[in-house]
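Chains here go by letter, A, B, C, D and E, matching the order in which they are written, and residues are numbered from 1 within each.
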Amino acid sequence: MSTLEVDNVSLSFGGVNALNAVSVTVEAGGITALIGPNGAGKTSLFNAVSGFYRPQAGRVLFEGRDISALRCPQRAALGIGRTFQNIALFRGMTVLDNVKLGAHVRTRTGLFSALWYLGRARREETQIREQIEREVFDFLEIDHIRRHPVAALPYGLQKRVELARALAMRPRLLLLDEPVAGMNREEKEDMARFILDVKEQWGVTILMVEHDMGMVMDISDQVYVLNFGQVIASGRPETVQANPEVIEAYLGTDDMTTLRRRLRGESEAA
Amino acid sequence: MRIGSPKETYAADEALFRTRTQWAWFGVLLAALAGFPFVANLYWLYLVCLVSINVIAVTGLNVLTGYTGQVSLGQAAFMGVGAYTVAWLENHTGSPFPVNLLAGSVVATGVGLIAGLPSLRVKGLYLAIATIAASFILLFIFKNWESVTNGTRGIGIEPPSAFGVALENPDTFYWLVVPVTVVMLLLASNLFRTRIGRAFIAIRDRDISASVLGIDLPRYKLMSFGISAFYAGMAGGLYAYFFGSINPESFPLLMSIFLLAAVIVGGMGSMLGSILGGIFMTLVPELLRYGIDFLGLFMENASAVLSPVRTVVFGLLIVGFLLFEPLGLAEIWRRIRRFFHLWPFRT
Amino acid sequence: GAQDKEEIVIGASVPMTGPFAFAGIQFNRGINDYVEWVNSQGGIRGRQVRYIGEDTGYDADQSVAVFRRITSSEDVTFYFGDSTAFQQSIEPELERRDILMTGASFASEINNPEEYPMQFLLGPDYGEQVGILLEYIADENPGASVAFIHSDTEFGRDPIEGGKKMAEDLGLEVATTIVTPPGSADVSAAALELRRARPDYAIMHGYVLSPIPAFIEQARQMRLDTRFMGTIYTMEQGIIDQMGETAEGFLGVMPYRYYYDENADEAPLLQTIREMHDEYQATTYTQGWVAGILMQRIAEHTLDAGRELNGTNMRKSIEEMENIDTGGLIGKKFSFSGNSIPVGRIYRADVSEGRMVPVSDWIELD
Amino acid sequence: MTADRHILEVSNIEVVYNHTVQVLRGLSLQVPEGGIVALLGSNGAGKSTTLKAVSNVLFLENGDLTAGAIRFDGAPVAGRPPHHLVRDGLCHVMEGRRVFEDLTVEENLIAAGYAASGGDDGGGSGFELVYEYFPRLFERRRAQAGYLSGGEQQMLAIGRALLGRPRLMLLDEPSLGLSPVLVEDIFTIIARINREQGVAMLLVEQNANVALALASYGYIMESGRVVIDGTPDKLMADDDVREFYLGAAGAGGARSYREVKHYKRRKRWLS
Amino acid sequence: MDWLFLFEVSLAGLGRGGLYALTGVAFVLIYKATRVINLAIGEMLMVGAYLFIGFGAGMALPLWLAVILALLGGALLGFVLERTAIRPLLGENPISVFMVTIGLSSVLVGLVEIIWTANPRSLPDLLPRDPIFIGDAFVAPKTFWSFVIAAGVIAVFLLLFRFWRGGVALRATASDQGAAYAMGINVPAVYSLAWALAGLLAAGAGILLGAISGASSSMGVFGLTVLVVVIVGGLDSVLGALLAGVLIGWVESVAGVYLGGEYEQLFTFSILLVVLLVRPWGLFGTREIERL
């Protein structure tokens, strides 16, 4: 069964049609990549899935259930976790608290218990702390920075903390918005490894927006291409990569030699 | 975080006081608070009581403004709600004071929840002004709902009594207000060890992403307003008992500004900040008075001539502290501690 | 004996900053000068007087703080309070400490010996002030119409209900009641309302200066011949200095003699004041003196009766005393009625002379 | 490109944030007149800090230049307020695009033109050039910049800088978050600007392949200092650069992201 | 219904609104350029009134000269406040800056009490006093003239922001200071200019307000209603300040006359709540951009 089904979703802002009858199916247990030119509507689609945007038309189904009417927190509670294109960590908190925040949807402590820090509050807090330490910090290798304020961390680590926070939700579907943007090759490789591990060890379904084609080709099982709010191609990475429309709208030459020549100004015409 | 104090368990690492030293300091503080009435005169006890009441109100406001990021200028009016409730109960039902105080806080909470509704739509300064609106409406009610509030004339309240002792002077009232304050502070500190407190901070830092991560914004924003108003109600109830009479002008907008100033000067999003801010804003005017007394030794009629100077200095102190450390007294305190911690090594 | 040497301490919460500072500073000076004078006269029955006044910024919390501070380090006999709110809330404390208080407030609420046994007022309460004005009106122009203009504060609202009732009893017509919010910037709209009502008299209460000039000026421009009247704190000489022409004919009630009173020979203390200062002194300054001299009279009566000097005994004195003489500062000898001194006189602003001139005799309400 | 004149000379600078965190530790580099120099380095190495030091905006983030000297066009930048530097031809396209979100695209350009001309309203003429380089901006000129897509914002940021008629442009990660085709476009335009206007560029970029293709010289920095520098050819031949920046496995082509998971490397940047 | 009376009351309301609008524009100017919520605006206004008293009555200068000097004094005050207290906080938490302006207001009140004492004062007569009639309707002359002046000044500012490119630079600075610096905008100059202009406007409003209702050290509370005005109009909109100022002035007057003065503020704040619920960013304010 597919984990996520976006069914004919349309979304517009004033005059801008960010999404135009988009349908995307994300198969359980795989990595689906969503690519497309800037402004094609990828982030908007994520927002429509996580409930931040309300599409004007269409449905969103999660594990077979229509969640179109649910609000963001309810969708999160169902197990839709995500990271953000522009890092959205809580800058006033430490790494640990940021990650604990991810576990919010899994806990139930009420106000009264929290004020006295007795009963459920104490139990749950200790429990999620242990889980986070064991499952998330060790895994993502960020245990040494748990007490750092996130604002002071280098960009790459911040991205990793974001991933950690999403994992602390124990999501069933993970939406990753440009997880390796702004990283150098080495860091990208680390991130790729984490993503693959998350998929395999945690059995999480992943939908990912990414502009690094090398990474998309290497790790995704399925690719959707958006352009001007419409799906223009989908399928196995290799098929999509060969699609002329995709090359035209998105990929470009993707050939270092040609590019190099162009940059050096030897072939103006291109 | 202290260097070189390995934790045994994660539970221990989650504790409110993580090290033995911290526990020791807490003990010393409690002992000092318990011993204070035996050494201080009524004036100082009076000030401590006043500081305590303010600290409760400031703590509540800090939960809302400092931790949840919802700027409110309605705290004094919520105090008024608590105070009027206590006064009414005291004069009409004669119920015992703990019941009245709780009832006052609960009623204030209810009003706070309603006043918090605009926060679901508006943010930042817009919200602050909306809370001013709420506070004006409350003041209007205090002034004009004669049958309950006795209008502008105000109401008198008999002092509470416990175990047959009337808590009418600061030396006795101290034993009511200080423990209540300590408990209220502990409760608030606890809150920020749990998911609810984290949700508040997340809302402050970036509410929309918090929402996507599963935090129900309306629920937590209102909860924060409610808690803050609860604290205000408690402070207001104690205020009513402490001063023995209230009228609509006891809770002016200026007082809300004063409380907000205490939060900011103390340090937003810091319990220590609430305490330091409450102390600072309450005591500085008093200390300035001493300063003028002192100058009075050298100049005739100092108090008349220098009183406006006091206003200037008070303003300058707020400006100066914030220029020097925009994060407030709590941050200055942290810096001092860090300095002694690392001393004599310079980083 | 030893008792003779004991000082008498007067404490005071005075608003030397904030919206009421214009008066507070003068109270403070007045009491100070009074104390200097009384000590130079040998004190009260041989006991020296000491005065400690501190600024409150006209904030009731601060007033209480000052009260606590002064009373915790000094053995205070008298206290001077700065506002109704403070004077109300401190009453139980006064009873506990047996301190007698007077102050800046003329609230009707406090004019109630049952509820406020430890306080007395330095003149007629606001209701009585309005009463004096209404009596004057009824006398001068029976059946005239009156408008009440007051600020929406505790201070402003105080005498209005009672005033309306009294006006009816006196056969006066209440033309309208206009409320202005505190600190209101522009009262043009309210002035239009006044024009619509066209009253013969308008009693303005709860203001210091603004918005009185604006009302009068616009009434002139609208060709109304309403006569404007004020109560104690608006009757300061400043109203002539600040308003100029516009002040002409402004009427109001004042329980004390002005600095330039014509009959100073009837008022030895006024002469003392004039000797101390050769420039004009505000009525709020005189009020400070009145506070001092009344405390003195009460203390003397109490000591003369052989009682200890405490609040309870002084309360008794207040009830017993008759023909109290304030050295002429209040123009008439009187006894307390309840907690207040129901004596006042109507003055009119005379701009050409630059001063307030009396238009009535000293009126005592009964 | 071996121009003997350097438009930018950075020598041995050290930068400290908040009086406590030292970020640059004696960094030196030069940009020749009209040349393109790439500055590479891992996250947190201090690349952006270097650019901020050059354009004198460190103070905004409580940073201080504690040692070393920076000379732009022969004269030290120390003590020159940023707007003077801009008028003298130094433009900084900051990390994260930093468009004026509340303003429309055109207003962004107006503001930039106004600023660059020092307030005497020279703008207008420069707009055509910007719109010529970035036709997409012309289409969206009435849109609020805050709602532009990432790529459009990046174009706007570069376009804004162009209005200053710069002689040296500091570009901080211009390709961040751009689609492959746009990366090519942007870099092609950067190359064009460089060629047609003779603007020198100091380019901070994570996409090492493209950066080295464009640049005539490259610096690689780690924790606040330069570790290797040289011509692109020299750098691309370096094993570490190939391993950590180009993702090349051994001598052959690019390594697959799938393979890396099987071997865990030493994390140099975690202590 | 007495239509003439309503008309007169409405005119009075507009007059009052003019002053709200003028002070509101001063506030908006600062916000537009620096994103500072200046709670000391009421006290800056007060200082303007007192400076005028100082020059006009104290030093007995000709009134036109006193006005000019008071305006310049207001500008200088704005300039100095920005330099000493606001600029060092650039980039800090806006709430801290907001608090600093509250501290400043306390300083200004104290200074005024030290220099001019706490006695309420009237201002030297500045505005014409001949009654004005519009048709049959009476308008208080001071109110009328102050409205005319306020409207004129605001019109100038509206035009300025419409046609002057520097206005865009001002908004750019507010939007992202760091980027503005890097763009070559002289940020400190923009800040100084905005505060000095605002100081000047506030001083002007203070002189007008003082002419109508006298000066006292507590006249700064006027700033509170102005706050409501700018929120209703939108914090960064000059036009919004104008319309909201007039609207609030009108509502206050009508409510005050027909229901009683105690209802004035109740109505203002109720309008405020309604506007905030319908348009959380005010009638003409810019909506904050929120994206994920």
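Rule of thumb we're sticking to: a residue touches a chain if its C-beta (ideal position, glycine included) is under 8 Å from a C-beta of that chain, and two chains touch if they have at least 3 such contacts.
Keep in mind the model is a prediction, meaning the values are calculated, not measured.
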What is the touch distance from chain C to chain D, in steps? 2
Going by the touch criterion at the top, tell me which pair is linked by more C-beta contacts: A-E or A-B. A-B
Using each chain's Cα centroid, which is most distant from the centroid of chain B? D
Most remote chain relative to chain E, going by C-alpha centroids? A
From the mean C-alpha coordinate of chain B to that of chain D, what's the distance rounded to whole Å? 48
Suppose each chain is reduced to the average of its Cα coordinates; what separation in Å results between chain B and chain C? 37
When centres are defined as mean Cα positions, the distance from chain A to chain C in whole Å is 74
Would you mind listing the residues of chain E that make contact with two or more other chains? 110, 113, 118, 262, 265, 291-292
Show the residues in chain C shared as contacts by 2 or more other chains, in ascending order. 16-17, 21, 25, 152
Two or more other chains in contact with one residue: find those residues in chain D. 147
Can you identify all of the chain pairs that touch? A-B, A-D, A-E, B-C, B-E, C-E, D-E
List of chain E residues in touch with chain D within their complex: 90-91, 165-166, 168-169, 171-172, 174-188, 286, 289, 291
Contact residues on chain E for chain B in the complex? 37, 85, 88-89, 92-96, 98-100, 102-111, 113-114, 118, 224, 227-228, 231, 235, 262, 265-266, 269-270, 272-273, 276-277, 280-282, 288, 290, 292
Spell out the part of chain C that touches chain E in their complex, as residue ranges. 16-19, 21-22, 24-25, 152, 177-193, 195-196, 208-211, 213-214, 217-218, 221-222, 238, 242-244
So in the complex, the part of chain B that touches chain A is made up of which residues? 1, 10-11, 13-14, 16, 187-188, 190-191, 193-199, 201-202, 204-206, 208-217, 223, 227, 269
Residues of chain E that touch chain A when the two form their complex: 291-292
